[in-house]
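Pasting a structure below so you can have a look.
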Amino acid sequence: MTIALAQLSAEVQAAVAATRERVAALHAELPRNQLVVWTAGNVSERVTLPEGSEVPGLLVIKPSGVSYDELSAQNMVVCTLDGAKIVDGTPDSLVPSSDTAAHAYVYAHMAEVGGVVHTHSTYATAWAARGEEIPCVLTMMGDEFGGPVPVGPFAIIGDDSIGRGIVETLSGHRSPAVLMQNHGPFTIGTDARAAVKAAVMVEEVARTVHVSRQLGEPLPIPQQSIDSLYDRYQNVYGQRSHG
Amino acid sequence: MTIALAQLSAEVQAAVAATRERVAALHAELPRNQLVVWTAGNVSERVTLPEGSEVPGLLVIKPSGVSYDELSAQNMVVCTLDGAKIVDGTPDSLVPSSDTAAHAYVYAHMAEVGGVVHTHSTYATAWAARGEEIPCVLTMMGDEFGGPVPVGPFAIIGDDSIGRGIVETLSGHRSPAVLMQNHGPFTIGTDARAAVKAAVMVEEVARTVHVSRQLGEPLPIPQQSIDSLYDRYQNVYGQRSHG
Amino acid sequence: MTIALAQLSAEVQAAVAATRERVAALHAELPRNQLVVWTAGNVSERVTLPEGSEVPGLLVIKPSGVSYDELSAQNMVVCTLDGAKIVDGTPDSLVPSSDTAAHAYVYAHMAEVGGVVHTHSTYATAWAARGEEIPCVLTMMGDEFGGPVPVGPFAIIGDDSIGRGIVETLSGHRSPAVLMQNHGPFTIGTDARAAVKAAVMVEEVARTVHVSRQLGEPLPIPQQSIDSLYDRYQNVYGQRSHG
Amino acid sequence: MTIALAQLSAEVQAAVAATRERVAALHAELPRNQLVVWTAGNVSERVTLPEGSEVPGLLVIKPSGVSYDELSAQNMVVCTLDGAKIVDGTPDSLVPSSDTAAHAYVYAHMAEVGGVVHTHSTYATAWAARGEEIPCVLTMMGDEFGGPVPVGPFAIIGDDSIGRGIVETLSGHRSPAVLMQNHGPFTIGTDARAAVKAAVMVEEVARTVHVSRQLGEPLPIPQQSIDSLYDRYQNVYGQRSHG
């Protein structure tokens, strides 16, 4: 089933337009932070709908197979959470990212999540290929992840097993990032910007811990210190960025 | 033997001009994706000739020894598939890439190939130097390569042994990339853009699997899942790019 | 306690303005040299105050959580050495970097230090995560560091333990860089530019020695040669840069 | 002793001016190819003097401690081969690179050399720190280096031991690059551009062979094939660049 954007209320249309601008702009952070090559990787954001909207839930996501240079608010694709495309005047040939079902599953099952990012960033994917979590041996991991970065199950495109794997791994976990086995990282946040930040940070810690372990064993951080770092970062500093 | 471009039909000249534009533009992807240094690496494309053309087959390729900043449609070199240069007004000092014979051999023996790329990209060449195929341990490898990336024989410039090695390794193989031993990757595609994408992807998977294996053994993906990923990517998504 | 910049003397205001310009400009060197991601990392400089100033000591530092693209002289934050913010017309929402206390501690206890830099640069942080000093096996390390780069204690934000760890490790040491365990490098200099240079150089030597050691053991440099390199670089060449 | 440029013949002045332009422009290749950080690294070129010139030999080289962004033809420094600065109107504070004596020694003792480059590029310096030559396991090494890249002796600034080490290692050797132990690569060429190319290529092969060896042993190339690659590249292709 497809829905025409033009038939939705002006408020919904405005919310969609603003989300598209944000999501298009945030995609530029992926190549800039060397998290993606070619057309791989995608960012999505849940549209904040007015109370009692005529649609149950919408997300904005990257079109499939379009290069990063060509992304704009205009070619971001709008979908319902069951993955149906919203018809909106973008070229008919643009279809949502092949990972849309996984993003939609996360939004449908984690009410607090407003943004999702997926990449194949090198170091995070390298840990994922071994099915090995990243141990918490850096103070910045204590701040940002509150412990190790967990691994999610092996799952391939075709049913909702990727989405389920993400949700089951991250529900109740401090980490906003999961390393899907043999696949790559998915990150979540209260909005798309927070999820992009988590995608940048998971690659950073994946790389640094990898490099550290190449020549020996990094020193563990006591659990109490990890808790202290995480509490301070999340509570004293709230949603503020590191630095 | 040399042929003058000006003596060919207007249709052939137009096809050559369009191919030169594409090939020149695609060369920019090689440094941008950090696949080449200095003047190394080259992209070629087969010219799609009108039925019953007066020439049996043409390719457009990078001139030898010209830096990436100076490449333009004007200095792309046109050759017949037996490597003879088409005289066309470009400076006499421009000669086709020293790898032209290998490209031409591929076009002459693989009718479905419309584009060929050669680089010395670091990680792919590192596997090639050990003569070791890249195992299929990433879902994106299932999508793009349908299995491991194979190694081709040791061969040096001077006869058609490089071209033969590429053709013998890739004929009937799912992978669009071959790692020529001690040398580097060659990739093929239905057109030059697809071959460039394969060159980007082979370096990406070479790097990620390398990094993963540095700290342990990546988990294998069951053959059935590889088949499923490859079938879906090639058949459901067709020639569409990942993401 | 907060102090209003406008109430300070014109001379102090001019010194603050000049320092802000320098510190804002130097922040650009951190992403440019790939020492930071997202909003991590920070540069500070001690304000050179006129004799008998009404304030005992001031520093200029990066605001917390602002991205590198958005940094300007206007949004640099001014603080006293006890970390109190100087009210100066910048948006109220801008607060100094969460690492300000550590910077301030260094200025308060090391009179010769005029600039401090902190990053989580990958290779330096990797050594820090193992709590392992970088051995002096490169002539450029002899020049710049005069020996190994030392490790500082494990310490977390919340009291002055990070600042104390930096001061205790670097006091009387030739190296302008310390690798704080599980955390990352802090560097010092006579001004912010010298501290930024040290941050660039510590990552460079951390990376090069890491890479060298991956395939064997780097050859030691005799102590006498290290002394000779360091003396010449510091005394003959003075504060001049390498190259 | 210093000599004033203005007192030399118009022909010499013109040759100096042209060399300065080239050397300034070529310095941009060092950061662009990620061979240097901060102000490290330097390129020089021998000035081609008219027959019977009043000066025995001149070179143009980078000023010491000037950042890459600020280099221009105007601030390149002119020296005699015994290292005396030519007074020429550039600011008095500009002095030639601290590596000038090594460059000058090479020009004085290798008549065929017209350009010299020195960097601390990461992978080449990592091999140098172990005092280990780079084995010839890549066809591009056969082309460019004609065999392994050799190691030069440990030597420090202060006398002519660096220059002597370069000359003794490279005289009669096919390789245009030497890895000075614990120090870094020096490369030579018939002109500065050829020496810069060799600096780019030595880092490329140092990195690729390093990466290859991290996971096993690269396959050797038979000596006969190395000879064949080198002969063809040097003789058939002459000074032409690879690609």
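Letters A, B, C and D name the chains as they come in the text, with residue numbers starting at 1 for each one.
Here is the rule we go by: a residue touches a chain if its C-beta (ideal position, glycine included) is under 8 Å from a C-beta of that chain, and two chains touch if they have at least 3 such contacts.
Quick caveat: nothing in here was measured; it's all calculated off a predicted structure.
Both chain C and chain D derive from one sequence, and where they touch, under half of the residue numbers involved are common to the two copies.
Set against the Cα centre of chain A, the chain with the most distant centre is D.
Separating the centre of chain A from that of chain D, both taken as means of CA atoms, is a distance of 47 Å. Taking each chain's centre as the average of its CA atoms, chain B and chain D sit 33 Å apart.
Contacts with at least two other chains are made by residues 214 of chain D. Pairs of chains that satisfy the touch definition comprise A-B, A-C, B-D, C-D. Taken together, the chain B residues at the contact with chain A in this complex read 33, 137-140, 142, 197, 200-201, 204, 207-209, 211-212, 214-219, 221, 225, 228-229, 232, 237, 240-243. Chain contact summary for the complex, chain C toward chain A: residues 36-42, 62, 64-67, 97-99, 120, 122-123, 125-127, 129-132, 154, 156-158, 181-184, 210, 213-214.
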